[in-house]
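We just call them A, B, C, D, E and F in the order they show up, numbering each chain from 1.
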């Protein structure tokens, strides 16, 4: 037993020394970075604000929706302001940014309603919009993206990315908060979708699982920061499962249909259907 | 400070007004839809009923398995009945449906045992069945699907979809509860798998990560509701990673092997191995 | 009402009888297998030990990092020892293994620092290393893998797999704890990645979402256990999205670049860029 | 082990049979009586409503006191209505009674402010009113009594008694909700105080620990129900520790001072100081 | 800041050294004594077993009381056995004792029903038996005493005392588990009651707040252990508030009535009413 | 329903207006007073520091008592400093005071050990010191008093009173933190004990339930603040149940024994036994 204590002591001492190498993973100044659990809590409360009738709240009747909403918003304001202040390094700026964000919520909700309608119109398996709000990962990921994008546009660093990463962990859909996405965006199934930071997506776009809207190469690393690296998808485009579209100069024109598993690195004219005809399937009978 | 209060007040008022547009996202009549957290709780308890020895329960010895099981089933009955009553709009029907479902549990468990055996037989990395039950996402997703499918077959709307979406969020495997799946179904790794609502899968089928059993096109939208849109996979078929099989008329015959990344929209005769020979790899030496 | 009670009673009795078939899913000897929630708790605490400054701890200032670390390590030691004892069937061996593992933590941390640096160098969207630690699923999955691999190498069964499966459920990245991975490993986006049990990965390797490093076939099932089935990826290789590399004899030589969606089952010489030129895109104008 | 199971089974069966004796303790019709924990929760929330600045609430700044108060009151309304409906056997009546009660809260608070002032004036050990609100059991018991009495007067059975019993368990002060107590009531120390159901207390009364305002005899049992059994204490009376005053006809006139440990069963004229002179202390020196 | 760390370090070191004085308060061998919170939990669960209809359980309908009871009893058996094993130093003996205790529960419940009836008969303020079960501290203290006494009689050390001390902390009624108490025991109000370890109380006894049934002197200290030190109260005795009855030879005969604040150290013949006539009240008019 | 909303709204508005009367109960400036729950938490943690082996801690073995103690003390330091800073209005002063307090803990523990010994020596019902630590309210109240007194002596306002009031609510023993109490203080049973702010108690003093060491009169109210109002009890005095000793000039000399229910307002010479001989019991036979 004594020797166990000594070995733990030794392990602790070894790690403590290890913490003093000055590497990035050795930083121990707590409280100076945003807190993941708080960010997740903020996302969940914003979600309730967006869909007022779908949250599971305390088990009592709400006599007055206004008070409920106010409490929710005060809560978000308090916590988001504090998190924002951490990354902005300025208390007042955090609160100001949140208030600006709040004033944009109606516009964000208007967009989300178009996304919901698009999901209903686009999926024959949907039995109703309620089902979509309650169980479709695509709509969840888009909702979180739209909220995070609102904060990203106001100049808030790091936190929007934590918000969309939360949605990513739930849905497998990775939309960078810097991407620009038009109304009525529909994602079906969704797992494995990547939408890069500088992607631009028009209205009425549909994408399926496994689609990547990515960069041609990241060998440039940090030198590429801020440059346009991801494609433009114009209005009314449909992109089927596992298609890959890469490059900051790539523009998929209005109304295009991109087939499943197509790999594209150059622009496509509007009104084009692109499919991959190269597949030479070999059929060998091996007996059943 | 005063002005902060006023700005919150204004934001709250703006949102309250925004809630009165009569859109789908504006509904605030609480309690009329199933509750996501309750549905998840039901799934977890059904999982414990299916695998009686693998749940982590209270930290005391169970002297009498019957009492434990009874409590669990009463709990599920109470909660599932209530959720079912919400979507069915009829209290008594909810309870009756649950009781029917309970009587099917032994048959469901018999299928799950075949799935477990298939996973063990199919994966050399598995060190034992215990490991599979405890850590394989494929078996988890199939288990939840089989339970949800049982409820789907009894005519319960919305809730089965919420159940499989829960499994989807954990595993990246999206099996619609409407799909029909035979015994000894094995999913390896799993992330990115999609099995559509009207798919039919035979016995001893194995599928790998990224496989889609989908619809050819969803442009028909809601008009396609209820029509067969997804493929049939007959007994003893293996489908390797990232293969895509689409269409309600597509039948993959008994014993077929579908290669990785193959894209199929037409039927394949039984006993056929399908691989994609078209790949023209270009090798450029660029120096190391 | 009475009849409801009788029906529940009947359902319970039917299930109890069903539990007596002696199948794998019928085992009810509790406590003899590791507990999933405890394993997840251990992972989270090890994560805090690896990144001492990034955990969200009690809301008070820590005057003395040593005590905090000690408590954390004692906690992990206690719980991990107990879980290890369950799978090893030997209390003392469990504790000894944990202590060995602790002594390897500095080396593991040194590797993780290289992974962090690689992520920063490789992703222009990263605004800083803090953001990566806080929100990149790739680094999270690699960190958990490195910890699990440390335990795997010490001969601990089952638990390392439960650890990486936890990371898989969060990130969609499935790295088997048996794989060997060199320094500075970078995974971008990540969803849908599979790295098999016997894969060997060199230093400075980058892989993107949807990449599989898998086995050629698993038809051999349990007979293949322990044999080399997954590829070798040498230093400085980049593998783009959705590429598939299979087989235990497949070696991707130093500095290779494997293009998106390429399918490889044979070795590639060092310094080679492999792309798929076969794609014959068909463009049909259908009007916008 | 088997025999343990059998013995438990036997004990369970014995108890189940024991439950069928039809005695009062055998009732098992759940949900038909008020719930103790809910009643305690209601008391705590009403306490927060009475002292708006002294509650420890969520750890965020409250921008708008109105919303906070509204939520609190809705919560109390919902829960108290439900509990009241149980004892009244009528849902609507429960809600109506609560709303009546709410309208009386300002009057109740006005009385409580006089109690607070009396405590401050009466206790030289009090360093401020804040200390009294935060730590004086007397004020706590009086506050709960005043709230419970408000409900008692509106005809609510059982629940007011549960409320004062909660205060009794915390403070050792047992004031029946049926008692009538004037403004500026001060209880010092308090443990062991009993104020009976039909007691009437005027304004500016002070009582100390161990004082009983009780009934002469309870041999009449239930036949005495509703009759005046406890004394009247007029304005400005002080009653020192452990004094006992009994009987429904006993009136302690205005301004009386009742000495410590005095036992009184007959009325005392206004302006009288009553002390017990009978004590014949015997002093025996026994060496130190 | 550094100096704060040093001062804490110094304080910690000082205390650690202080722990090595070998005094009773310095023992740090954890886990060898019963756990207070577990004992309280056991009391609460036994209370639910005694009053099956009055517990607030999970919020779902219980279809089958037997399963509920079994779970509760298994829970108590597991925890009580473990606590008993700690104080008895023998695992098996702990379980055996618990099982014996369980078989006595019906007899204990039969006594408690008589206590309930006595409370109802004796208190005109009681509006029903439900109110008594839900809010009378006297019945609560007696119930806990009867359970603790059952364990005390079976030879369980320390834990019965912890049980009655829990009731004491809630009610101010301190009944030693060693006391012997006949049927139909009624305690009104209760705060400040002390019933000593070797007291013997007959049937139909009523006592009021502040009554002590104590020892004449405890100067003998530990040398008196096990000797009769507390009085005998025969059937049908009533003891009014604050009366003190002391001594192991003191017998209060059948049917006696002991007046308020009487001090008795010698036996009283059956059928005697004892009151204190010595009180010489002095009335001074001091003006109002 | 509408009318319910309106009535709530009206009730809320009435209360909000009621909050604006500027009375003491109307203060709504949150966060400026100490928090009761935090103070209770501090008491419980200090209790664990005093009795290191008796706390129920996390359910794992503590390999290193030092780390555990350090964490506990840091926790107390953080929270107590913050609470102290609130009442002192100075952050730094709060921390300094806590550190001073910490340095006094060994001396406080030395006193508590004497209290424990005194309890064991004085109570034949005690089966061991463990039982006393685990279940005697007297020792608990004294322990909390000694801790609170340490803080009181350092000039901390309000919080020491909240600490002893917490003990009062648990035990019915009310010792003001300002009282001075010598070593080996023993309280038996305890309920109803009051020890006033300026009382001075010597060594080896024993007191029983219901004893008051109080002030002669508090009519002077706040004008008496700081003056000596409560008695002096010299070494080796025993005070039996319900005795009352009042007045700042009253000195009970060394070795005195004060009988049960004696009422004393003047000094008693050392070595005196005081009993009340005045009791004229009247015995009336009323038949059994």
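One rule holds in what follows: a contact is a pair of C-beta atoms (placed from the backbone, for glycine too) under 8 Å apart; a residue touches a chain by one contact, two chains touch by 3 or more.
Quick caveat, the model's predicted, so the values are computed rather than measured.
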item: Cα superposition of chain A on its sequence copy chain B - rotation in ° rounded to nearest 5; value: 120
item: Chain pair with more C-beta contacts, B-E versus D-F; value: D-F
item: From the options B-C, B-E or A-B, the pair that copies C-F, where over half of the contact pairs coincide; value: B-E
item: Distance from chain F to chain B - Cα centre to Cα centre, in angstrom; value: 60
item: Where chain A and chain D are represented by their mean Cα positions, the distance between them in whole Å; value: 55
item: Set of chain D residues in contact with two or more other chains; value: 4, 8-9, 61-64, 66, 70, 74, 77, 172, 191-192, 210, 242, 261, 276, 278
item: Residue ranges of chain B touching chain C (in the complex, touch as defined); value: 49-54, 56-57, 61-62, 65-66, 69-70, 73-74, 77, 95, 99, 102-103, 105-106, 109, 112-113, 116-117, 120-131, 133-137, 170-172, 188-189, 191-192, 208-210, 238, 241-242, 260-261, 276, 278-288
item: Of chain B, residues touching chain E in the complex; value: 58, 60-64, 66-68, 70-71, 74-75, 77-79
item: Chain B residues within the chain A interface of the complex; value: 4, 7-12, 14-19, 23-30, 33-38, 157-158, 161-162, 165, 168-169, 172, 174, 176, 178, 191-194, 196-197, 210, 212, 214-215, 218-227, 229, 236, 242, 244, 246, 253-255, 257, 261-264, 268-278
